[in-house]
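To start, the structure itself, in structure tokens.
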């Protein structure tokens, strides 16, 4: 099952991502990216990270992308608008940069036996005793005991974000 | 042959069967619901309502559906075609998927997820795109205003929905909806002893432990499904038909279907969270000897509760006037949000005190 | 097909990272650039969870969770800046933003 | 001409149509269409009040499944023009008619919509059939709600006798391809 | 067989697929496309414009910056008709003014014509006219409130209102022969007296009406916070503005101006009846709603009183120059037949003179300025439609309103386009 | 001290293991039926759109059909005009609060289920303190937003 | 004088919470649903049940003949003249017999007619009446122009006892009155 989910999710995620960054129409980009995030969620599920998988949909696909959509609708970013790949030099540079990054990382991954040979389910189970299950309760317990500080800092960060965006967007503060 | 039967025995196979069953029952239920809506509206208004098509007019919705299928499928030239087509599809998929997580009988659900309610919220949050895209892609002012308003309404009340339901999980300690139901079926644990029997079991329902939470959830659910008094996205009379103004034939029907399916889904969720799901004060085990019958009976109980809720929702719709847009936002952000936070704090303190007391 | 290993996930993560980077570098529209960034963040999340699985603990999950939250905050603020910019300039191509610097 | 109830006009299911036998497909399609005639109310003036009355408790058009008034023309099936149409209004009516999806029908409700009735005056269009094809004319000023419902029943009969399957896209796919 | 009109329709279908735009050029009227404002077109076919009013809204986001009402979609040339057709033949046309209370218009136009030549009606005719026009007021206010409720989303209230209206239709039908296009009055009297038993059943209906209104309307709306919030403070028209725009009727009284023609210049013997005229305080939509509901109840009071002291006697002035003779006598007496021919073909002979008469109709002051040259046809008849004047304040009330309030404001003004455009 | 974990107020028994809760199976097995449902939904939506396209009446192309509904009038100005920034702010606030609520859910699980057997579960007191701070910050954010008048729809931003 | 300010009640807290008034409203609608307290269902199953029309009801105008089967209309054109929409068109026939000329053509365009009853009111011969017929509709305009024979047929069918079936029989009365004076009009 895990393997199928990898291929399915991976394909969706990559296709969605590629389409998202190349569409002329910004709204189409958003929808492709939503698709990519759904694929990503399948990937998480394949890694037994159920909680993260669901949160991924809830927050990324269901909230953050809505915000993007709103901004696009708000700013009249229609097809005829601004969204164009119109910097050929940058395109080439982009392809080169992205390609290089990807190639290097992939090479590292393939070359590392720790990730290939010891990265199968069986190997992990043998090594760690069990496959880790990212169930809600487990993640929650970790979060609220060991990672207390990041948790609280996040809340402060969110507060800052609220204040920041309100201050930025409201004309008469 | 055997291979096929065996495949149905596998988790995947049984899931496929359930999906097919649920996927086909839901449209049926929706068509019944549309009929119910029109009949109840008529009764409230001293009328008869549709009664010519089939017995009691029960086939009315099918006539409507078929008509939509055979109606010209207009793909107007002024719209953004891919998005325009995507929107109705997105309207109907999320509620269907959300239904997959809701248990309708003991150990009967399509997917028993440990993220349970979060998954439901996650799927239904995708529904926002249907409205926003529908309004945007239509390239029409009425649709655009309607779509933007509708999606803003939806996301605002999603918060309240999430906060209101939180209390239940603080009590239950699990997001798994199956656990939430079984938790409501044991009877009350008072001073360390488990009181069984009708009354304790009755008061074990979360609606008694979380009255305000249930109310908030119910109101937010009305808003989430665009039902009166929150039905402005499509019924606000200044916007003609709102975000689906430009949709015709089956595409419009899909919006319609999605909306009613969302009603079914959210009623199912409410039943699960607050009304004890398939349980009925012990009566759900009436046919404990015959599992098949037992399951059918429990499904009947569950469906009964859901239909009652749906009836209430319809009843409310034909009673109240509609909010204005800003009132609705005010209600969501300025009243229900703080109240639900307050209720959350109260629940936390109460359970904490209780835990101290028991210890 | 060979069984899927951690390496596969890492490679996938790298590819997604590349796609995101491509978007960030080539697109002129700030909103899309931001989307590319979100994609890159996600690629990182993927790697985190893959490593968590690889090492049999939940650190990666917790971390991802927090990253998602931070991403939300980041998106909110970044888009707010864009709105403010848009109000100032009437467009949101990145070049205009550069003019602002000077 | 003058026998029977005057309203019951018979439709040529036999001779003119060349004795066409309606197929099962036709009857299914027609069954759905005739039982779900959603109106696009063009409530222009006084007749609109009687149109509303036809939807209210006593007359209850809903019994025929025709109470779902859609103001968006794309979702409606039968345009009920109820009231006096002036030339100024004509343009809007025509545009809305054009925006309706096929199949569509038009009922001219009341004297004004049918012929302009008592308004033989300069601003009033002398009958809506100058700009839209009318399926049924309903006399009266205003027609009783029953009259409208009666017309609706007649329209149902008319719909039921139409040949539907020829108009469906499946039947025309080849032709469409050929022209394209 | 096919009349030429239908043939034309076929042609038109082929040729006129896209009608030419004939909209006002907004740019020339000061709309700046670069302002980022949105032009929203409401009407003429819109669920909440109560007929065929068209409003062009210039909006900044959700706020209305400017509003241009565009009337005339229902202009039917009524005043011209009056000049050509004469008084009696004009009466069916007045049915179509305020078609929510046709009988009140009938009464108003006949009374106006009578005022020109100073005809005094027999008391029974007067009282019957009062009963009828108050019934008309009830029916108009029921629809006004019902349509208001429907626009705000309370569909059921609308149907309850219509249920009551159906009863009024029945009485109208029994009295005049038609559900609402009654054509009941004639210059110098009425076309028919009440049928037997009519008064009793009207009395029974009117007796129970306030209670039913309380149950079906007020209980569902008046104290419902959704309703109150949507209406109070919305569409405020201060006293002086209301007077300045010449508003009349509930729209004026909602702003707190004490002005009701039935009290200020009583006609048809309104001074004999004891009734209150409700006025508002704040001038908002909620006040206008309350005023209507209260007026409705007061009308019930008037009807009860009028029925209680309804005198016997003729319903016509006994003047063969004005009224048709009795049918029976027409059939047998040649002289009467000639009278009949004269009255029909020449119209009622009125005195020469010019006179304005305004009646307090459900929507406000329905005025007729009649210039009579002594023949059966007015030389000029000018109609003052209350809806038109009431609508004139739209640019004022809609300015700076939110889009969401437009519906409430329109509904609270309760206009009828038949009367506005005439 | 009852046998049942006491902190679950009003008494909950640990539910029986649900039928489909795959014991050792990975998350993907749990979620597979959901994916199947998703597939069903997609097929359903696409199918009905296709069917209605195929079976729909063939209509004539008219120019009027390609114009949006505007009460029967020709369009006055373009639909995609600028919108009040209010809607955007609502969306921003939504995602921020949404994230906070998402944090609360795992917290509720920990709170309602401090199973001593589970090991490493934080104590209730600690949880209470944590959430107190968290909610306080949440409320502070809310208060700021309200005070700034972000949600006042009658005022332009 | 008798102007009163409308009372605007301040909403109580319970009412402010939305729940109470909505619940109250729901009770009202429930009453309607269950048909309690004078809220019975009023729907008339139209094609099967029909509304009992009052005597005065003004349906489609029809022509009647007298007891002897003679056309009463004398083509005096009063109705044609008075008809506001000019729905009636008459071509008078030749004078024939003791009664005046019967119409050769008498068409009423039902789509023009506004059922105002003016023709009935002015007809000096009581030849035209408003009938009970209201269920008319047609698919073409031409079929809705009713010729004389159809109007007479409708007069037979939809005439009502109180009005059309028993109109004042002018001709008979003239005959009898003349007979009283010793004249015989029937010759």
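Each chain carries a letter (A, B, C, D, E, F and G) given by its place in the written order, and its residues are counted from 1.
The criterion applied here is as follows: contacts are C-beta pairs under 8 Å (C-beta built on N, C-alpha and C of every residue); 3 or more make two chains touch, one makes a residue touch a chain.
Computed from a predicted model, the values in this text were never measured in an experiment.
Trainee: Starting at subunit B, how many touching-chain steps does it take at least to reach subunit C?
Mentor: The least step count works out to 2.
Trainee: Moving only to chains each one touches, count the minimum steps from subunit A until you reach subunit B.
Mentor: So the least number of steps between the two chains is 1.
Trainee: Quick check for the class: compute each chain's Cα centroid; which one is farthest from the centroid of subunit B?
Mentor: Centre of mass proxy via C-alpha means gives G as farthest from subunit B.
Trainee: If every chain is reduced to the average of its C-alpha atoms, which one ends up farthest from subunit C?
Mentor: G
Trainee: Let me have the rounded angstrom distance from the C-alpha centre of subunit D over to the C-alpha centre of subunit F, please.
Mentor: 44
Trainee: Could you please state the distance in Å, as a whole number, between where the Cα atoms of subunit E are centred and where those of subunit F are centred?
Mentor: 51
Trainee: Need the CA-centroid distance for the pair subunit C / subunit G, whole Å please.
Mentor: Roughly 77 Å, centre to centre.
Trainee: Please report how many Å separate the Cα centroid of subunit C from that of subunit D, as a whole number.
Mentor: 56
Trainee: On subunit G, where are the residues touching two or more other chains?
Mentor: Residue numbers touching two or more other chains: 22, 25, 28-29, 32, 41-43, 45, 84, 114-116, 140-141, 143.
Trainee: Specify, in ascending order, the residues of subunit C that touch 2 or more different other chains.
Mentor: 68-69, 72-73, 75-76, 79-80, 83, 87
Trainee: If I count partner chains per residue in subunit F, which residues reach a count of at least 2?
Mentor: 29-32, 53, 55-59, 62-65, 67, 69-75, 80-83, 85, 87-88, 91-96, 98-99, 102-103, 105, 109, 113, 138, 145, 153-154
Trainee: Where do chains touch, given as pairs?
Mentor: In this structure, the chains touch in these pairs: A-B, A-C, A-F, B-D, B-E, B-F, B-G, C-F, D-E, D-F, D-G, E-F, E-G.
Trainee: Which residues of subunit C touch subunit F in their complex?
Mentor: So the residues of subunit C touching subunit F come out as 68-69, 72-73, 75-76, 79-80, 83, 87.
Trainee: Over in the complex, which subunit C residues touch subunit A? Could you list them?
Mentor: For this pair, the touching residues of subunit C are 1, 3-29, 31-32, 34-36, 38-39, 42, 45-46, 49-50, 52-59, 61-62, 64-66, 68-77, 79-84, 86-87, 91-93.
Trainee: Okay, in this complex, where on subunit F does subunit E touch?
Mentor: 62-64, 70-77, 81-84, 86, 153-154, 156
Trainee: Using the touch definition up top, name the residues of subunit A that touch subunit B in the complex.
Mentor: It comes out as residues 25, 27-28, 31, 34, 50-51, 54-55, 57-58, 61-63, 66, 69-70, 73, 79, 135-137.
Trainee: Going by the contact rule at the top, pick out the subunit B residues touching subunit G in the complex.
Mentor: Per the touch definition, subunit B meets subunit G at residues 40, 42-48, 215, 315-316, 318-320.
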